[in-house]
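First chain A sits with chain B, and in the next complex the same chain sits with chain C.
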Partner chain A sequence: MSHDTHHAPVASKLDLAPERSDLGLLRPDRSTGLMDWLTTVDHKKIGILYGAFAMFFFLLGGVEALAIRTQLARPDNDFVTARMYNQLFTMHGTTMIFLGVMPLSAAFFNFLVPLQIGARDVAFPRLNAFSLWTFVAGSFVLNASWLFEFGHLAGWFKDFAWYKSLVYTDFAPANGWFSYAPLSGTFGQADAALHAPRFTGVGTDFWIIGIQILGVASLAASFNFICTIVNMRAKGMTMMRLPVFTWMTLVTSFLIILAFPAITVALIQLMFDRQFGANFFNPSAGGQPILWQHLFWIFGHPEVYILVLPAMGIVSEILPTFSGKSLFGYPIIVFSGAVIGFLGFAVWSHHMFTTGLGAVPTAAFALLTMAIAVPTGVKIFNWLGTIWGGRIRFTPPMVLALGFIWMFMCGGFSGVMHSSAPADSQQQDSYFVIAHFHYVLLGGVLLGLMAGLYFWFPKIFGRMPKASVAYVASGMVILGFNLAFGPMHYLGLAGMPRRTHTYHAGNGWETWNFVATIGAFILGIGVFLAFANLVWTAFKGEKCASDPWDGRTLEWSLPSPVPEYNFARSPIISARDAYIEHKHGGHKIGYENDGGEAGVHMPSQSWMPMLASFGFLIIGMGMPMMAMSVPHAGWMVIAGVGILFTGIWLWALEGPGGYMLKTPTGSASPSPVSATTSTH
Partner chain B sequence: MFSRFFHRVGILVLPFLGLLMTACSRADLEVRQSTLDPKGPVAQVQYDVFMDTVYLVIVLFVLVGGLLVYAVARFRSRPGEVVKPKLEEGHGNPLVEIGLITASIGALVFIAIPTLSAIWYTDDVPQEAVATSKLSAWYPRVDASGKENYAKEVADQVLEIDVIGKQWWFRFEYPQLGLTSDAKRTVPNEIYIPRGKAVRINLRSEDVIHSFWIPKIAGKVDLIPGRKNYMWIQGDEVGHYYGQCAEFCGDSHAYMLFRCEVVEPEVFAQWVKAQKTDAVPVVAGSKAEKGKALFAAKTCAMCHNISGHFGAGNFGPDLTHIASRKSLAGAWLDNRDPKAQLALELKEKNTEASMPVDSAQLKANLIKWIGSSGVAHGADGKPTADVKPGNRMHYYKMFNVVGLRESHQKFTDEELDALAEYLLTLK
Partner chain C sequence: MSQVAESSHAPTSTGIDHKKLIMWLFLASDCMFFGTLISTHLIYRKLYPTGFTDAEGHQHFVQRLFDIELTSFSTFILLMSSFLMALAVSAMHKGQIKSFRRNVLGVIIFGLIFLGCQVYEFTHFYHMGLTIQNSVFGSTFYVLTGTHGTHVAIGVLWLILLYFYSFTGKLGGHVGALDVEVAGLYWHFVDIVWIIIFTVVYLIEYLGPNGFWGTGLPIAK
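Let's look at the complex of A and B:
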């Protein structure tokens, strides 16, 4: 591998000479503006992009949710058709989970993990860019189904032969986010062209390939973070000195690499059922629909912890900071996180209590589900222990973090109720379940992630979001949320099943559905306000100091915004909560003698990860179009595979590249202590 | 200003709303599909376990929530106070941690024991119930006319009902009593069970996954194609109960409802007998006779069985006794007088009281249902005006059978009226 491409150290990448990769193509190292963002391999920029996409999809999923709530506000309402309603709730769930919460967590992983462990980037920067753009490709494929649906409703396709031949014309997925076979699959016998009759249209094909692509993105990112956390910690940053957020990233990443293979296999089987006449889940050909449920939930339940553990990590960083105390029971919080991850694989069948498992498996999964409440409870106790005896400073992130504990606790309580299988047989698939998982995933995870956004935003952009707007937004979110989902406990117990697009008057569900709709709109406005505040702050907000909260972990020792090489000199750690110790205690952060005039080695930017991801986009658009029998769509898929492999091949051949960036010699030691004690 | 309000009041008090709502809507708990108003042993056991979890959760809520509120209020920093962080590493207090973990496990054992006992109780008909519920204990094997009601071999079994789910309606069969598809005697959408007798339900599906749920009688169990699920139920109070499919099953999932009629065992026996009678001949020269001709001409008889009149169909619901049923179209349309029904429920203070079928309402429903027009979601992409979008009667393309839409069958008002008049004679 040639190193002749390295440059002499420069002060800024704009000073670099134009440089060709091993392939003879110009490296986009010197690009600025849009080109810079598209080719970046900087974990911070990738994190910001993840965050921006995630917030966009959060709002999109929110709009879908509001359409759902509008439809349910009155009995016998016809705001949307049954078909449209089914598409809305399917895309709402899928969007929120795969395009909202997961990428927002990934945004935090990307931005924070290298900073918290004292590294200069992730282990594989180009793979990181590949994860990002593959996620974007997957999200585009999923939502392209809406474009087709709107085209269908507007009548754009009506002159096409392929359109006229369609049996089912649902273009957006309408199976629910867990797409139970055989509704999502096939029935009867396949014809000569290997097409078996199906219950749903190509929306399901968009869903299958979209989730599959998103899975690739998640897997690539997870391997990257595991390698980063295991290998790239600064000197002295032992595993038991890792910030809890980084620990939870590690656990989450392991969950992803262990859980996603199950859904990958299941999706391939379902795709083969639908497109090539396989019979994995086709009951009339001896397939087993129940197999889908097992495969889905052995992914789906760990997925819940994939969503919630990062938020728990965030809260575990925020509470000590604003309580002026170290985390109570750090080893136990870390250990319980790992236990939750482990037990998360042993409780999947509690989603299937009503499928006739039999008494013994039902009992086993009920007991295991109760068992998982113990490590979860332990976390709540330790958070309580953290604020106990502290001095709580109320700031927007702290208020949101306390809100997280409260909502998550409520969600946990209804979770304990579900663990009792006989009680669950009344609650399963009713609005009680909707209430439960929204308390966990919205009241819990969203508040946790919002807390994280408000906590680290000053670090990311060097600007402080307006606290007054943040409080109003948080208040609206918490009020609206409880107004929307509190009554759903009652609705579920009153027998209202989920996923029904309407209901008759006279069932006693009218009042609280109406209240829930009002709550949902308050919640929606609150979330929009909270996000708008952040976006405004990113561009126009008031500049702030690099350590506005008296932070505890390494990232606060860096200037804001963080320079592209992160640490001008690599830190040497001698305590947990290294930076607070450095500021107030006896354990100072040491620095290695690197950087400076000799420079820091920076990875080269590259188009290749994006090119490879673009291949996924073409595959993802081609597969459903093939299912629609659009002419030549099969060639499109083959072209997509070609682009994907070309991208990876060129990526492998372009050589590592890289250049040396000088760092200011004086900037190694963190900002002085005096600025960091704060008053309320 | 905002900060003070929200951190002191907002964040801690608002979440109580959820609990308050449940508490103050006690009057609403006896709604038609309430899970909190059990009327049979299975629902009762499930309710009891649920209440155990509620008690536990209330205790935990008060303890943990109370501590959280106390900690937030007690340990808040005062305005102007300079906060000096404490630096000792937080290993936690081993005694506290172990104590809390032990207490958590203890709390879970409190619900684990009733949970386990309820799992086995609800799994299959308990032995003690078999003795009083077996057919020979309550259902005469030979009736007054000397005819066998059921075979000798099943005399020691409890009543078994096959529930077959389809998009989007339920078919009920009573194999021991001769109400089966083979005999062309099936009951769509209204299941009858004898009061106080345990009944075993066999759950089958012919297309996608559905779920059988009568909240006041028993929690749900899924109908999964290719799988033989079962459950047992028992209704202890005579009345009209409301059930619904609880697993998402496609376009018209929301319209897949059914009814359960709990009747005295003697009434049940009469009902079975009535189900076995054929439809009476139509009066010559009447409107109904025209309707009967239309029923054949418009190919209705291809899918619908009317014993005594037509015998070809078994794909759609059996219509032999359609005029005696209180609901239509997967129980989405109610054949009772809505005002009188509401008044009755208020007067009796329960939702199980039921008015008889109102023939004017039934006729209006029939016309609405058969005459609903506009292509549901065919290739022309028009929005639906259907009573049940995607239903097979109008839209059949999926099974490569021609439905009303594909065959361009339209009904004039007169034809609809005649058809409805005919169906009204099928008591």
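Let's look at the complex of A and C:
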């Protein structure tokens, strides 16, 4: 068999003899430094890379947000043009959702899921690397639109024929993150080159292909995670013993694989409209722009839960740890998460109450929307039940997790207000909606993810972030956030519309807009401080014990940083919250007789996933350039497809490879309780 | 020993191989994908039952555009290819590599015949005046059936690669049988999707004198 592991077990991958894959190419198994990070298939390194990219894009999206708030600080401001403003709010939303929150959640999925279920890696390590690099390709394509925009502003293109032929010159996407047709689509008849007239410039084409590529990355990752969670649990790790974070990862992954196809198809249809003159959303040829709204929100509403469920999972891990109690109502929390997942597919039209759906559908969607508040409320009561009577430790992650509950509840309340269709028609397109979803997505999701970062950072790098800086940063984030978005409730009800680049004085909006801008800057500095603290800690921070919080789940039983093979011996689980039971309860973690001198199987590193993703990058850059009529851009797309298929083909042919890595026999069981528990 | 060590063949919690499970998950996702495309087509058929107007302004009815005999033939061919695929998977499980090659070659040829019929059909419809640009029907029809055709083409490419790979001697044992079975799952799924498309895009146009959607005109006497 060609897939055999030829080597004797080695103590380190650096001891491996150079090995050739089935293709005869040298495997990059022994690489170090940059090469190691580029070819890695280790879920922990992939998780760290996801996290690093996500934090970068959080800051980029934050800069875009601050530009928006600066523009709105005073009436009739001209800090940016209306045209630039449209691009800013579009890219802000797109960046935060697809390049900030989703990859940061993916970072946690990657790092934690195998550790929490007692596995040594994900089911498909190379597919995991492919997800990462495809995400990077998609994020590059989306943001490349900014490079074209700056080239346009700097006048670099003015001698080119394709540039002179452009009717609209918004190079960065400018339709909003939802890209409603017909604004994002076409009108009238297609010409001989199959191009119909459009309402917006090439930014929309960047957006279409960028989101499409990001969708591929999310889908591939989700298939992988479901497979991992369902199939790679350690002995005794039954479904109802899974940590809640892993459960929420499972629900989120199912949401992704069932919701993303709708946006994939919608994007294909919009792309055919714009680039090949089709009529899916072209009103002058009978296309129905409302179809775009339906397809978008059939994806878009589950997407909201794709964003929030991981944060809920994180909070469900943090609250028990720092309350010294087990999670109140574990089965109900899990069940509520699954119900939210199901109902999430049945409420999309509440984004469309003002489109005139008719009385019956409107009433049905209003009722279902109210119904989805029930499992969400159940979760909140369970979290309160968890901290009730606990011995609470106000560590930075706990402060942020409590902030999550409070802020998310505020967002939830205004959400229930929206579920009432008559009220919603008053709030539609006003700042009230901005306030609502920022309370959910920023006060909720971002606080939850930050809590997770501070909670697991000691596990990831073996270093403890500075608590003093973390408290200051958390305080600034929560204060700044409420200053920025609290007043928007009032502004919205006072009639201030969304997505408008300025407003006149005299509407009574000046004061609160100014306050919101101050708040936004405090928030921005707070987030920057929180992230800077983490980056500093990763390199220079104080080393800490492997279980600094008295953790409850399996990952805390491992050394920090976690060795590349995760578990020297595979654990055997006999209780929920396996590690706290091991330390303080009656159920000890058992260990299988694997590893040791015989070694554990490690997957081989590979260049092929990155090569395939590179194909996506070329396709993604080629499609918008085709839309700009740049000469030979079509060939670029074809070359990209070629690279993609070649990458996948070589990936299949090189074989999975792998080698046996010896694990220390001494670390078969978790370190003694007294040495690792710094509190209590 | 090394079989156990290989990560994708270590014993799994459910007893289902990773590769098979991930293919089922992909197919679940693909159901939503085709569901969205088919819904788009049906919504627009209901909205615009009258068919399409070509470049010269002539009104065409969908029923008179379709060549149901040809499409029935290609549907039959695709169904039979699924039969051969099942035989190929079975042969692989029994380790009969020659039988596998014979059957999979049959699947490839039948797949290519189906694609040939689709290419012919597209060209024919194009000459009849139906383009992706001149009507909503053209857009939904070509994109839906074209996307299915792309799935078939990817399947054919995959099987061709497996066919030639089998001559290297590396395709065999449990891993080889699993790889072929996963390709088979994909192939059967694409076939089932076609049965749905054939029914809701083609056959229902023949229900009653003016088709399922009516023509928007008075019923022909």
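Please note the rule applied: the second predicted complex is superposed on the first by the 670 of 680 C-alpha atoms of A that agree within 3 Å, B and C clash if a C-alpha of one lies under 4 Å from a C-alpha of the other, contacts with A are read in each partner's own complex, and residues count from 1 in each chain.
Definition applied: a contact is a pair of C-beta atoms (placed from the backbone, for glycine too) under 8 Å apart; a residue touches a chain by one contact, two chains touch by 3 or more.
Nothing here was measured: the structure is a model prediction, and the numbers come from that model.
Novice: Using the superposition on chain A, decide if chain B and chain C clash or fit.
Specialist: fit
Novice: Touch test for A:227: chain B only (first), chain C only (second), both, or neither?
Specialist: second
Novice: Just checking: does A:528 make contact with chain B only, chain C only, both, or neither of them? Give me first, second, both or neither.
Specialist: neither
Novice: Looking at the overlay, does A:160 come into contact with chain B only (first), chain C only (second), both, or neither?
Specialist: neither
Novice: Contacts for A:121 in the overlay, against chain B (first) and chain C (second): which applies, first, second, both or neither?
Specialist: second
Novice: Is A:288 contacted by the first partner chain B, the second partner chain C, both or neither?
Specialist: Touch partners of A:288: chain B and chain C.
Novice: Quick one: is A:335 in contact with chain B, with chain C, with both, or with neither? Answer first, second, both or neither.
Specialist: Neither: A:335 stays clear of chain B and chain C.
Novice: By the touch definition at the top of the document, which applies to A:190: first (chain B), second (chain C), both, or neither?
Specialist: The answer is second: A:190 touches chain C but not chain B.
Novice: State whether chain B or chain C is in contact with more residues of chain A in the superposed arrangement.
Specialist: Counting residues of chain A touched by each partner, the higher count goes to B.
Novice: Determine how wide the angle is at the CA centre of chain A between the CA centres of chain C and chain B, giving a multiple of 10 degrees.
Specialist: 90
Novice: Tell me the contact category for A:272 with respect to chain B and chain C: first, second, both or neither.
Specialist: Only chain C is touched by A:272; chain B is not.
Novice: Between chain B and chain C, once the two complexes are placed on the common chain, what is the minimum CA to CA distance in Å?
Specialist: The answer for the closest chain B-chain C C-alpha pair is 12 Å.
Novice: Looking at chain A, which of its residues have contacts with both chain B and chain C?
Specialist: Correct list for chain A: 286-288.
Novice: In their shared complex, at which residues does chain B touch chain A?
Specialist: Chain B reaches chain A through residues 2-3, 5-7, 10-12, 14-15, 17-19, 21-22, 25, 28-29, 31-36, 43, 45-47, 49-50, 52-54, 56-57, 60-61, 64-65, 67-68, 71-72, 75-93, 96-97, 100-101, 104-105, 108, 111-112, 114-116, 118-123, 167, 203, 207-209, 211, 213, 215, 218-222, 224-227, 229-231, 242, 244-255, 332, 334, 338, 342, 377-381, 383-384, 389-390, 397-400.
Novice: Which part of chain C faces chain A closely enough to touch in the complex?
Specialist: Per the touch definition, chain C meets chain A at residues 2-3, 5-8, 10, 12-14, 16, 18, 21-22, 25-26, 28-30, 32-33, 35-37, 40, 43-44, 47-48, 132-136, 138-140, 142-143, 147, 161, 165, 170, 173, 175.
Novice: Touching chain C in the complex: which residues of chain A?
Specialist: It comes out as residues 1-5, 22, 120-121, 123-125, 189-190, 194, 196, 219, 222-224, 226-227, 230-233, 237, 257-262, 264-266, 268-269, 272-273, 276-280, 285-288, 291, 295, 298, 601, 603, 649, 652-653, 656, 658, 660.
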